[in-house]
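My questions will all concern the structure given below.
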Amino acid sequence: MLAVCPGSFDPLTRGHMDVIERTSKFFDDVIVAVAYNTRKPSGWFTGAERVELARDALQGMPHVRVELVDGLLVDFCARVGADAIVKGVRSSADWDSEQTMGLLNRHISGVETLFLMGDPSLSHIASSYVKELALFGADISDFVTPGVERAVRAQAAKRNARFM
Amino acid sequence: MLAVCPGSFDPLTRGHMDVIERTSKFFDDVIVAVAYNTRKPSGWFTGAERVELARDALQGMPHVRVELVDGLLVDFCARVGADAIVKGVRSSADWDSEQTMGLLNRHISGVETLFLMGDPSLSHIASSYVKELALFGADISDFVTPGVERAVRAQAAKRNARFM
Amino acid sequence: MLAVCPGSFDPLTRGHMDVIERTSKFFDDVIVAVAYNTRKPSGWFTGAERVELARDALQGMPHVRVELVDGLLVDFCARVGADAIVKGVRSSADWDSEQTMGLLNRHISGVETLFLMGDPSLSHIASSYVKELALFGADISDFVTPGVERAVRAQAAKRNARFM
Amino acid sequence: MLAVCPGSFDPLTRGHMDVIERTSKFFDDVIVAVAYNTRKPSGWFTGAERVELARDALQGMPHVRVELVDGLLVDFCARVGADAIVKGVRSSADWDSEQTMGLLNRHISGVETLFLMGDPSLSHIASSYVKELALFGADISDFVTPGVERAVRAQAAKRNARFM
Amino acid sequence: MLAVCPGSFDPLTRGHMDVIERTSKFFDDVIVAVAYNTRKPSGWFTGAERVELARDALQGMPHVRVELVDGLLVDFCARVGADAIVKGVRSSADWDSEQTMGLLNRHISGVETLFLMGDPSLSHIASSYVKELALFGADISDFVTPGVERAVRAQAAKRNARFM
Amino acid sequence: MLAVCPGSFDPLTRGHMDVIERTSKFFDDVIVAVAYNTRKPSGWFTGAERVELARDALQGMPHVRVELVDGLLVDFCARVGADAIVKGVRSSADWDSEQTMGLLNRHISGVETLFLMGDPSLSHIASSYVKELALFGADISDFVTPGVERAVRAQAAKRNARFM
């Protein structure tokens, strides 16, 4: 069985890693699908950088691989033969939006979405917060791996330099 | 009795049509109010295009007409003598935001908002998804009328061409 | 057009009255349907008492009448030729449960449910609280009409007497 | 991989069947765990009856079996070697309560809970409604299998007879 | 400043203790108010037992005392001169119900309610679960103090004995 | 005890004022922290203007002062020695997002967040609505002080002039 864990991963956090690791216990293989529209660059990292950072962080998980998805997630799922999409849910607001997306994906392609509880002790970890904390020089080592931390700090320094 | 069904309708979907049709069973007349700020163009279609697409899709509903609203919805309601605003609600998150808007409109003008349940089998249909699906060439015929589909496909082709 | 406003009304509160009054602006006639299972007595007031209290409280609303419903609400709606069920919603939790009930009623009979916002300044008024407050002798005059207040106080005195 | 789908199943509905069937696509085996406290009889059907009704309804799903659980669900999971608990979720209110239960089960035993979306077109189907509809003689054939329908109607007749 | 932390505390859990301890950082004195209707015994422990268990568990918090409240919480607050009621909130469902109660209490007495976040790692701890776990002999030492654990185990043994 | 009430306050509304005033009853001093990133100007008013408008509106509250925060809120809290952050919550959606932020702030700095209920009769008042209403010439005097109203009207006139 093959699961796809989609996200923008700009960048991958320990919250993502927890969901991916638990997913890997239920599936033979897991593809972490980095959704990125190469024609409309956005965020802090390019699609290729996000993939590289995620690969580095996830190298200890043998049956997990990372791929860039520049197109519809359901088309990607069909191409790789995914049995399910797997998402972490942290709150009832999360549930509302994930359910809508899951129903849409099932409607247009038949692919099912399974949901895992986000770990409550990680529920406040989001890529957007990590970046904001880094801009102000705060400690982010609880939220990301050392490799991601270095990349985020470097980007934060560049972004701060623009304003000086 | 006259109801106003407001929205941005960029473009009108089958989810909107379901709510409008059910509204028309409770009111003598229904005005579909296309909210569009002509001074700040945004979205895929101009206000005039949205109105035209909605009119085409809704021509089978005799007591329903479509109008552009470029201003406060409550001012429009007062001008046309609306008895109520009617909105579809799909989830509890929807409810939270629609209630806030409904309370605001009642505060500033006294106009009441009535709510209908969105059809659960259409709850994942949103204009934004329709446009994203079209950009990637996916089938959107379950979500919009053939007329809207043609217009969305044409826009998607133009938008995709920009990047090639 | 005929609307049915269902509830257990044990007893009718000012929160109920607000929803019923606003409903009456959109419908020619409103039936306040007191749901009560005469074979399984429960609550503080019998079905007949609840009807009487509601009638007394609502006598100033000319097109509103009160009836006992001892059976399925949708059967009652069919019998009286109701065009819609109307319910007030106070919170997103309320929405969740009311929507489920509305979908069920539509499934088994086709009857539609319309929703009104509860007035925020009345959102904490519930029959159960009124009864608890009365048991402890607190002032409930903000929550119910004088007629209902008298009946609630009398019941509270009886119930308190049992324990002395 | 072995999944456990727990519930009280008093009785099993088509909503349950949908979740169980979809679960069976992701797991080699599925045990439908009928939670029933034999020391505190409650509900319409005994544990044994619930199991029998569920077995009858699910006989077309080859890798699904039904068992009575009279004790802690996590102890049962440990005994049968379950890899996961699987639950359907219909709304954000559902999510809130299921997540709490899932976190508790993980805390005390390490067993993970996976969640599937309930089918929106079945989201208003609940055992409690089926029983209430049956008491009033309404059609329940959309909600349960013919075998369950017969059993529910028989129970409803008995219960109604008590009051005549 | 004096805060009142109300609850049924049947029995006090580590989740309660966390909220009480954090409350005590913002207030000079904290009264843990054990709400119990002595005329309608319910639950596992009497009001006096709940108070005793809570006192034992909280003896390490110097400015916290425990009292029985057999009446309206707001009357108790007025009598002791409370500046605020303080409650922990674990989820958005919790919020919905606590807010309603808070608005009611403010309406009838003017007393304000402050809310603290429940600790996410304790969000699945509830008195009702502790009791159910104990009935089945599961380990509850993560959820309650040793003193409470002993009392819960003793009650569970008594209750189990009734059925043998 | 010192509380910090953070927000973007673009501009301060009567909803904000209600929360700030009630906060001031529980704390010796309150700092209204206007979060504004001076390197990325956004919104209608500059940070300095927001501070000035808030100071003018809040001058009747003696122990409340207003400061600009251009950096991490938790760093500001540490610098001024805040005992708590205090936020108003209006809905369960609000709760979900505020709780996440509160957990994040506690994780990175230990500072606790307390929550007050927003006044239900003000729950539909938001800075964004005030600005939109002003653009269309609607009456905003119920939502902001006369001083803020003047500033908002002046900005609205400037913004409208750009399009003529």
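When the chains are written out, they are named A, B, C, D, E and F in that same order, and each has its own residue count from 1.
The criterion applied here is as follows: a residue touches a chain if its C-beta (ideal position, glycine included) is under 8 Å from a C-beta of that chain, and two chains touch if they have at least 3 such contacts.
Because the structure is a prediction, the values reported are computed rather than measured.
Student: Moving only to chains each one touches, count the minimum steps from chain B until you reach chain E.
Tutor: Shortest path length, in steps: 2.
Student: Matching over half of the contact pairs by residue number, can you pick out the copy of the B-D interface from A-F, A-E or A-D?
Tutor: A-E
Student: Farthest chain from chain F, going by the mean of C-alpha atoms per chain?
Tutor: Using the mean of the C-alpha atoms as each chain's centre, the farthest one from chain F is D.
Student: Please identify the chain with the largest separation between its CA centroid and the CA centroid of chain E.
Tutor: Farthest from chain E by mean C-alpha position: B.
Student: In steps of 5 degrees, what rotation angle do you get fitting chain A onto chain D on the CA atoms?
Tutor: Here the rotation carrying chain A onto chain D measures out at 180 degrees.
Student: Copies chain B, chain C: same or different interface, half of numbers shared as the threshold?
Tutor: Mostly the same residues form this interface, as more than half of the numbers used are common to both chains.
Student: Looking at A-B and A-E, which pair shares more C-beta contacts?
Tutor: Higher C-beta contact count between the two pairs: A-B.
Student: Report, in whole Å, the distance between the mean C-alpha point of chain C and the mean C-alpha point of chain E.
Tutor: Taking the mean C-alpha position of each chain, the two centres sit 32 Å apart.
Student: Could you list the positions in chain A whose residues touch two or more of the other chains?
Tutor: Correct list: 91-93, 96, 99, 103, 120, 123.
Student: How do the chains pair up in terms of touching? List each pair.
Tutor: A-B, A-D, A-E, A-F, B-C, B-D, B-F, C-D, C-E, C-F, D-E, E-F
Student: Which residues of chain B touch chain D in the complex?
Tutor: By the definition above, chain B touches chain D via 91-93, 120-121, 123.
Student: Show which residues of chain C lie in contact with chain E when the two form their complex.
Tutor: 90-93, 123-126, 129, 132-133, 136, 138-139, 142, 163
Student: Taking the complex as given, what residues does chain B use to touch chain C?
Tutor: Counting only chain B, the residues touching chain C are 1, 22, 25-26, 83-84, 89, 92-93, 95-96, 99, 102-103, 106, 112-117, 120.
Student: Residues of chain D touching chain E in their complex?
Tutor: 39, 71-72, 74-75, 92-93, 96-97, 99-101, 103-104, 107-108
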